[in-house]
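Next, two complexes with chain A in common: one pairs it with chain B, the other with chain C.
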Partner chain A sequence: MQQKILEIKNLSKSYGETVALANFSLDLGKGEVLGLLGPNGAGKTTLISILSGTLRGFSGGVAFKGQDLFADRNLRNLIGIVPQEMAFYEELNAMENLMFWGGLYAIPEKELKKRAQELLTVVELGARAREPIKKFSGGMKRRLNIAIGLIHKPELLLLDEPTVGIDVQAKVSILDIIRDVGRQGTAVVFTTHQLAEVEQACSRIAIMDKGTILAQGTLAELIRIVGEKEIVEVSGEFSADAFSAIIRQSDGNGMEILSVADNQAHLAFADSQAIPAMMQHLFGHHLPISDLKIKSPNLEAVFLKMTGRSLRD
Partner chain B sequence: MSRTTLIIRNDIKRRLKAPMATILFLIIPLAMTAVIGMVFDPGADNRTKLPPIRLLVVDNDKDLAAKFLLGALDQKELKDMFQVTLTDAAAGEALMRKGKASAMLVIPERFSDDLADQKPTALEVVRNPGEEFLPGVAEEFAATLAVGFSGLAQVFAGELKVIRSVRNLSLESVTIADMTPFLETARAKIIALKTYLSPMLLSVAATTTKKPGQENRPSGFNIFSYIFPGMLIMFLLFIVEPSLREIQNERADGKTRRMMFSPLTGRELVTARIFSGWLLGVLVSLLAMAAGTLLFGIDWGNLLLQLALVAAACFCCAALFAMLNAFFRNKNQAGAFASPIILVFSAFGGSMLPLEQLPAGMRWIGGFTVNHWFITGCRKIMDGHAPVASLAVLAAAGLFFAAIAMVALPRRLDA
Partner chain C sequence: MKKIWHIGRLDLKLMVRDKAFFFWILAFPLVFILIFGNLYQGSKTDAKASLTVLNQDTGKWGDYFIAKLKSPGIELSVVTTPPGEYFRMLVIPADFSQQIERKASQKLQFKKDSQADLKAGAMADTKIAQAIVKLLAELVMYGDRDLKDFFDSRSPYRDLVTVRSRLPEGTIAKVPSGFDHTIPGILVQFVMMMVLIYGGISVMEDRKKRVLARILYSSASYAELFGGKFLGRLLMGLLQSAILVGAGLLFFRLNLGNIWISALNILVFAAAMASLSIFVGSVLRREEVIVGVSVLAANMFAALGGCWWPIEIVPPAFRALGMVSPAWWAMDTFHQVIFFAKGLETVWPNFLALLAFAAVFTALALRFFKVSE
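For the complex of A and B:
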């Protein structure tokens, strides 16, 4: 692995009886873009809040460049943060915002101005640098939010769901920016519950649920967990119990149940030849099936295998 | 540029870019002062009356003009306004010292003779320093009397001499025929009278019973200068409060998290916010005071003292809200509590009702409000005195609040 930037060891945090993080451990190297994938309540925001220094009462440790992140406040100056909220001043224009946020890092004005102009070009806001932000679209605001997080050339960038509430085109643009940031040597931690986003932008993916990492690796490594299996998604007006009962009556033939819920189930087949026989079995039991989809192994299948539920659940 | 200065500059810049709220809070107190001033102006009509002014009169003349003046004070309209007590100078001063009167009107010896002889003379008004504006009303009344008596004395100079010469005669010996030419002349003069004559024969010399050596600046009563300081401090609270509530808003929208990742410390942020609130308050106050002078003719007195008072009051307001925000859990709580706190301060502190008309209990509570100390300080300056107590209380309270805020508030921001 490249030079370690971030080392999280046995981080635990509870809210009363609810465990948000349970012995969470993770390493991150220079220039790595880590996608932290998990459903709502997986503990992603808790992790970001602890790393941001806004949440206390946890156990475990976080080292940044080999030093305790919480022991030396100056270390935090090397981290950039992009909160889920639009954390900038809407009364100011994009350039004024960058000058203000950069000013907090005592960057000389001339250098700061140059850096702000460069960043505005990177996030494709160069032509609108002096326009009131109130006129910006959601995607433009998200891009500015990222640019502010990068104004002081951080070594680690934390992004908390940076693509929430924007259209597909804007998402693509933001994911491109995140990838480029990683290429330039900045380590990135990026939380999301969108599978396609981590597939597109991240060099490493960690699947998280119930406060812990279930699996991590590159996309290819994770897909190998599922194996070279065909994934069948079955939808219809059935209950999870009825579906399970019918499946149990079949001989399986190398089939693996990834998830079963009311109205939808996911099955993995090592041998694609076994799929028609299983479908016949299901139809033979008059299961009201309305849709069948056969997919290649993907991250969604990995997630289903690891958590037993889909990200939408 | 320091980080604190950067935040202050940024805050002011943002307020200037979105100035509507500030402008509204500048206009509203002016508009309210105008409306209340017009409604409560004693000269407007008789719907609203001032409390009776306890006026002591020392008659050292005891002649015709003095009797005429005392007779005027016995007329119904003036009786409603003045509670007149005839006394002598020594007893009068003793009553004033005990706070039993608002002012003392001294009619000098030979007052009637001097008027008849067209010689300058002066009515003396001694003001009670313990009261804010009722002595001013008494002084204004005496000034009006002076104008009226001067005019009458000059127009009817001849007639006054005749009256003086016959005042000791038996009225039975004067016939209607004797009086007819005299009355006819007087009537012609009244008809011909268009303007007062000058120079004034009668003037008013006002003094305030104060410590020896202190100068007094006579001032007339202006209802607007009575109302406006209260309105100003109430809306100053409304103007300063959002600058400090911004801390809660920024906590909610992620800006604080972002700031705390920069070298900026929680204390620097709190300091910056107190001073940006303070600066904004001072700037708006100065604008409001200038507008008050232009629109209502308010004489603020010593401007340097007013500036010091405004600076102390704005600091106290900003520090107070910084401290309160250390105890508010979130922006909703801050938003919900801010306006009621301001309104309670304003009600008890004299912004909504004159301090003199508040019940004693309310006045006592009012002593714990910024409004009370600002209003009393403002009036002191308008009356020509230094508002030492107000400045001391506002500055000390501001420092106390700021100290608590500097300890408690950063804990909420900086983990």
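For the complex of A and C:
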């Protein structure tokens, strides 16, 4: 790993009985783009809130560049936060927003203006810098949201679901920006529940659920957890109990159950030759199957294996 | 401090940019000023009661009597032919001196215009009664001696008798009125309304959109964030005040009395409202609720505080009730300074009361101010 910039050790946070983070630990190197993948309620936003300094009442420690992140307020100047919400002033134009948010970091006005113009070009808003934000599309607003997080040249950028609610083209653009930020040496933590996004943009992926990291590594390393197996996705009008009962009656043939839920189940087969026999078994028990998909091992399979549920659950 | 100014200035900028800003901050209050200013417009004779005397007397006693009517509070005008217009007129008949010398009783006519100010009329009534008492007393004291000696032996206009009249303790001798009352009243009302509405809504929206949280993500501290939001609302109140004072000076010859005390009054009152607006925006979650509560609170405080009508004319119980409104203290300070020429030695308790309101509102705002839902 490159020079460590962020070290999170045994971070725990609960809301009453609900555990949001449970001994969460993570390291991040300079220029590394980490995708934090987890379903809703996994604890991603809680983690971002703690790192941004707006959530208290937790245990554990966070070191930023070797120093306690919460002991020195000036360290906050080196971190950029991009919240899930469009947290900026829609009454101002893009340039005015960058000037306001940059002004909070006491950047000299001339330098700030130059930086704002550069950033607007990077996020492809240069030509629309003076237009009212109310006229912007969702994707443009998302890009401005990121630009605000970058205005003070942070060494660590935290993005909370930066692609929520935008179209595919806008997503691609944002993922490109995130990759470029990482290439320029800024460490990035990027939370999402979109598998494809982390596959495209991240140099390292961490799968998170119930407040803890279940697995982490590069995409190739994670896929090796599942092994060279074929993944079968079975969909239909069945209950999880009915599906499990029928499966238990089969001899398995090296099959692994990744997840079972009402209307959908995922199975992994070490030997693809065993798939037809299993399907025959399911149809033989009159299981109302409407769709079958056979997939190569991918991040979704890893996620299913680690969490026992799909990201949509 | 730089960050506080940076945050506060932006809030003011966003308020000024609002499309309806000039309507709410200038046009709307001006309508109120015109209505209430004319409704409570004081008579021009209010400060100095005008009294026209039609002197038809052919002897010496007419002039002698008129001299006794002279007073700093009376604007005396002596004519020998009936004037076309007058507020009130005392007619001294042609045989006035003859009747006195014959020791015969006589009746004088005192005519009043129905539109004339009643209080000024009462002052003139009192002065005429005083003059009659003085004249009669001197005649009685002089007795049957030669009238030529009466005028020769002493200064003709020297009073032998002094008659003093005084209003009962606690009587309000002067009721603030006109634009000098109305403009401060509408200023206080609109500072309340505008700061509560604009300030409250923007705190609520910034919290919902997580803009407040994002300001905290940056290097701004909680104190700087709160300070910036407070400053923004204070600037809103001061801008509203400056606009109305400017319009008042320009169009209505507004007199603010001691300008420094009036300015301090505006500053302390706007500070109290700035904190109250943060509290309102922190505890309420919907724009329409904030607007409703702000309009209701501002109008209720305005009515209780004497922004619409002079608090001096309302019953004592209502006047005492008004003290629960910060507007009451601000308006009383304006009245003391503008109409009664009082200074800091009189109004300092009012400033203490307004500062106490500001402290309570700030404590509430700090208690409930939060950066996210």
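Criterion: the second predicted complex is superposed on the first by the 313 of 313 C-alpha atoms of A that agree within 3 Å, B and C clash if a C-alpha of one lies under 4 Å from a C-alpha of the other, contacts with A are read in each partner's own complex, and residues count from 1 in each chain.
In the analysis below, a residue touches a chain if its C-beta (ideal position, glycine included) is under 8 Å from a C-beta of that chain, and two chains touch if they have at least 3 such contacts.
All values reported here derive from a predicted model rather than from experimental measurement.
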Chain A as common anchor, with chain B and chain C clashing or fitting: clash
Partner chain(s) touched by A:291 [first = chain B, second = chain C, both, neither]: neither
Contacts of A:17 with chain B and chain C, given as first, second, both or neither: neither
Greater chain A contact set [chain C / chain B]: B
Which of chain B and chain C A:56 touches, first, second, both or neither: first
Chain A residues contacted in one complex by chain B, in the other by chain C: 52-54, 73-74, 76-77, 79, 81, 83, 85-89, 91-92, 100-101, 103-106, 148, 152
List of chain C residues in touch with chain A within their complex: 2-3, 6-7, 10, 14, 17, 209-211, 213-221, 371-372
Complex contact set, residues of chain A against chain B: 52-56, 70, 73-74, 76-77, 79-81, 83-89, 91-92, 96, 100-101, 103-106, 148-149, 152
Parts of chain A lying in touch with chain C, wherever the complex brings them together: 52-54, 73-74, 76-77, 79, 81, 83, 85-89, 91-92, 100-101, 103-106, 148, 152
Chain B - residues contacting chain A, complex: 1, 3, 6, 10, 13-14, 17-18, 252-265, 414-415
